[in-house]
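In the two complexes below, subunit A is the common chain; its partner is subunit B in one and subunit C in the other.
Right after this comes the complex of A and B.
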């Protein structure tokens, strides 16, 4: 079947279920003092032994667009690598679903690579900045699972980069897979892996929408 | 006391019943082997085995049960041992044991240890009797020395192990729930990252100053439309290259 346009190819991918549009996610944190220990364990468990740990240092900007008729603003995240020349990443994340029957949190997810004009473009469209932070850390991979261990750094207005302060004394640990719909065994795979990181890190499905109410 | 006796009898009855069952099934098996060896097939043969093993399991269950009075605390004593034929005994044992004599007692009443054990005992006793007093003393002191050495090693290992486990409980706190929630909320909703103060009423304040001004290398120019021209050449060369390439590119627009 010949595909003529991008729109057609997108719908083709969706219909045939090979467009990865669901993110399975488990989250946890590790104290600064124990992060070395966790890194050692991840090095042992993960695939990219020879090159690991892969580092990253990204700035993530979350932009929102207030839509008429709905309370929920449309949120888009734009990530760009600091200190390395790479395309910007734009990501849409849907509402997290915490289903008792599934071992992980599931949310719809769309990724797309962009040029550096994306923020201008979004601003022109009426998006406004919701929040931003710097994530600096390490990335591991095991099969199709991605494990990131990152420090979140708050950007303090009016100061130099060095003055930006970490949000907490812990690293956030995320285990995620982006897969097409209908691949339920992914969750099980992740649960088994998360089990191997205990008791260092408790990776759990955390509904952050609910956390918002806790002061 | 009486209750105990009664209990004991009940148990004995149960054990006896099981033993009779077991005997019957063994008999049936032997009979089958002798009479039907021509046309017996595996499944029925194995069924017979299963039957026997289930009887055995039942028997062990009864003996292992807590209600069972400790049978091993009781002693069986031969009250009368004689070389004469005993008709009652022959009847009772279905013709298997005609005489209750000195020969039979140790085996049937288990008053004798296993042959292997017996042999070992004998050997050891012989060795011991051959030793002189001096040599024996020497060996005892040597043995004590070895034992105390082993004890030392064990207690040392235990000490080390305890220290290690203690320190491990100290390390165990490797993650904190509060931090997890804080970080997840920050990533998910930007909790604690928003700067409300910077939200001006006008559309010009969409990107706060932190991106625009003081941190130019991190993304100021590319992210705020207003400042691209002013800061122009300041950011990294690569990016300007991309821009200029875009402008030069003949097919881009």
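Right after this comes the complex of A and C.
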């Protein structure tokens, strides 16, 4: 079957449900003192941990665009791996829906790899810097689940990297799966996995609306 | 009657003594009046007992009840004597009223419907009771017996030091293999490669049992059979099972299809005739495993190997059928045939022998261990790729796409390169490529070695690179003449690929050769030609001879595309002698040398050539019997020749 244009192929992918556009997310946090235990736990549970766990060191920049008719700005997150030759990742996250029937938080999500000119491009389009931070930590995978244990580091504007300091004395633990629509068993799979981390870290769906303006 | 004695008869005190005065007189209670005794009797009526039988029973136990009744009397005397009777009657009246209400409601059937109760069919026949008791007792007896059996076993294990380490062995087994306990108490293990990334469907479960003596074993197996085990493939008869020797207290039961020894045999064959001899040796080949039987580790390793070989063969067979080869691959039974090059076949066969006989046939000579190893390696790579996906960077990127795929968007990859990414070489394709390469390498080696043996004059030295990839190797060829290394050295590099050769000459020419060995042979011969001529030219310069002309390609002979006969024309320092050299290389190297002298020493004028100066034109070449000239090599002989011609003129 020949697909002529990019728009057509996108709609084709959406209709046939093989475009992963929903993110299932569970979040929790753990104190610095206990993170070692969590790492051991994850090493035991996850796939391919015969080598040391994969580390990452990313800079995330959130850009927002005020739109005339809506009061909700359009937010795009651009993430870059520091000290690594990898393309930038631009990410759009939709409004999270906290459904009581679902075990996880579900939000629509679009990922796109970009060149390093993306930030300039967005600025030209009228996007403004909303916030930025550095996430540094470890990454695990179990099947299609991705588990990140990351430290969020504040960026002090106008200063060099030396001045950056962690936001809190704890690590954020995220369990996420990006899947096409209509795969309801993902949530259950994640809930079972989160159960296994239970005494160490409580992974929950966090309602952002209740947290107010905190990103 | 005279001595009659008066006896006073007194009635017994009928009345109760109410009081005894200080002087001993007893004050009696006055006997009850009629009304009082009636009241007393009425008070003794038990209104709860109504039926006649109850009344009769009541009379029997009247004596006992009398005492209580008296107490009640005394207690009730303070009240109005008919009070109890009235209360009872009042209660009875209330009950009658309630009963009439209930009956009226029941009759009305608007509020209440009365249904007859089901008769309790509890007619317990004695024979049934006997049976149930018997059953219960036998169950209890079974519990006791099994407990006693277990105690006895434990006790005998304690006495027997060989058997008591079952749990220790189980612990060791658990450290190396995946085990789980299922509901009926059996221990099931898994030896499949599924956790390592395999997607093969065949199950690799095995059962762990305690090794007991043969009688017990048989009973346990029969029990297991009767209870209907959970997985059918763990059910095997003890005849098929690998019997342990006495040293191990743990026994693993491997499904029948995983027993024995399996390996993949890879043969490359040149001619059709070889096929038959190879097939004879198919069965019964393999290491003698009787010595290792009984050690569960070995048993499981063998079984795992069998599973692996089966997966590998299944994968290859599937690919062989799917692949669109110019000459289709053939899958017959447990054999796959693929054509590598014309007349050369690759045969991959799965050998699975379950017999443990020690009389093995002689090992097969042409079994290619390198290719077998490559096959195993390739499947392991597939497994590894199935389970090891690269981690995305930055961490928010999606999990799954390869690194190449990730940069496809930002680098604006076109449709072709994206399609290229989706292509993966199957295991069969890779192994065929490797086999072809191995064959090409061997062939190239053979051609170079025979040429080096046959051609003595310029020496052919080939250096094979020790480091090479499975489908590409490299050889550097130097052609030198012994003793004249300084004059010239011809070198070329040959890249040996899967079905072709790539030759890079020193002057930058690149030639692509097919798999035919004759092409390589011709090329090397031509290179020898040009080597000889170029060396001769430099030697002549060195000896002050003049090079009048030289040509590497005279355009004669058969080996046209790669080069052919070459020639050279030399003149002596004072130009009175000339040497012409022609080297042909079809099919052998053939050197022809001619000399000419001008002017000739002896001149006789003829009518056609009247003057001597016409002799300066030259011509009249005479062939030298080159093989008679002294010298070890072509250059050496030429040096002698030139030297002698020069000295003659001097």
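Details
We adopt the following convention: the second predicted complex is superposed on the first by the 210 of 215 C-alpha atoms of A that agree within 3 Å, B and C clash if a C-alpha of one lies under 4 Å from a C-alpha of the other, contacts with A are read in each partner's own complex, and residues count from 1 in each chain.
Operating definition for what follows: contacts are C-beta pairs under 8 Å (C-beta built on N, C-alpha and C of every residue); 3 or more make two chains touch, one makes a residue touch a chain.
Keep in mind that what you see is a predicted model, and the values were worked out from it rather than measured.
By the touch criterion stated above, A:114 is placed in contact with subunit C alone, subunit B being left untouched. In the superposed model, A:80 lies in contact with both subunit B and subunit C. In the superposition on chain A, A:28 makes contact with subunit B only, while subunit C stays out of contact range. In the superposition on chain A, A:56 makes contact with subunit C only, not with subunit B. Once the two complexes are overlaid on the shared chain, A:47 sits against subunit C while remaining clear of subunit B. Greater residue coverage of subunit A by touch, when subunit B is weighed against subunit C, goes to B. Common to the subunit B and subunit C contact sets on subunit A are residues 80, 115.
Of all residues in subunit B, only 171-177, 179-195, 198-199, 206-211, 213-215, 217-219, 222-225, 236, 238-239, 242 touch subunit A in the complex they form.
By the touch rule above, subunit C contacts subunit A in their complex via residues 387-389, 391, 393-400, 406-407, 409-411. Per the touch definition, subunit A reaches subunit C in the complex via residues 20, 47-48, 54, 56, 58, 60, 77, 79-81, 84, 86-89, 91, 111-115, 135, 139, 141, 144, 146, 148, 150, 178.
Subunit A contributes residues 27-31, 33-34, 37-38, 59, 61-62, 80, 82, 85, 96, 115-117, 119-120, 123-124, 127-133, 152, 154-161, 167-170, 172, 199-202, 204, 206, 208-209, 211-212, 214 to its touches with subunit B in the complex.
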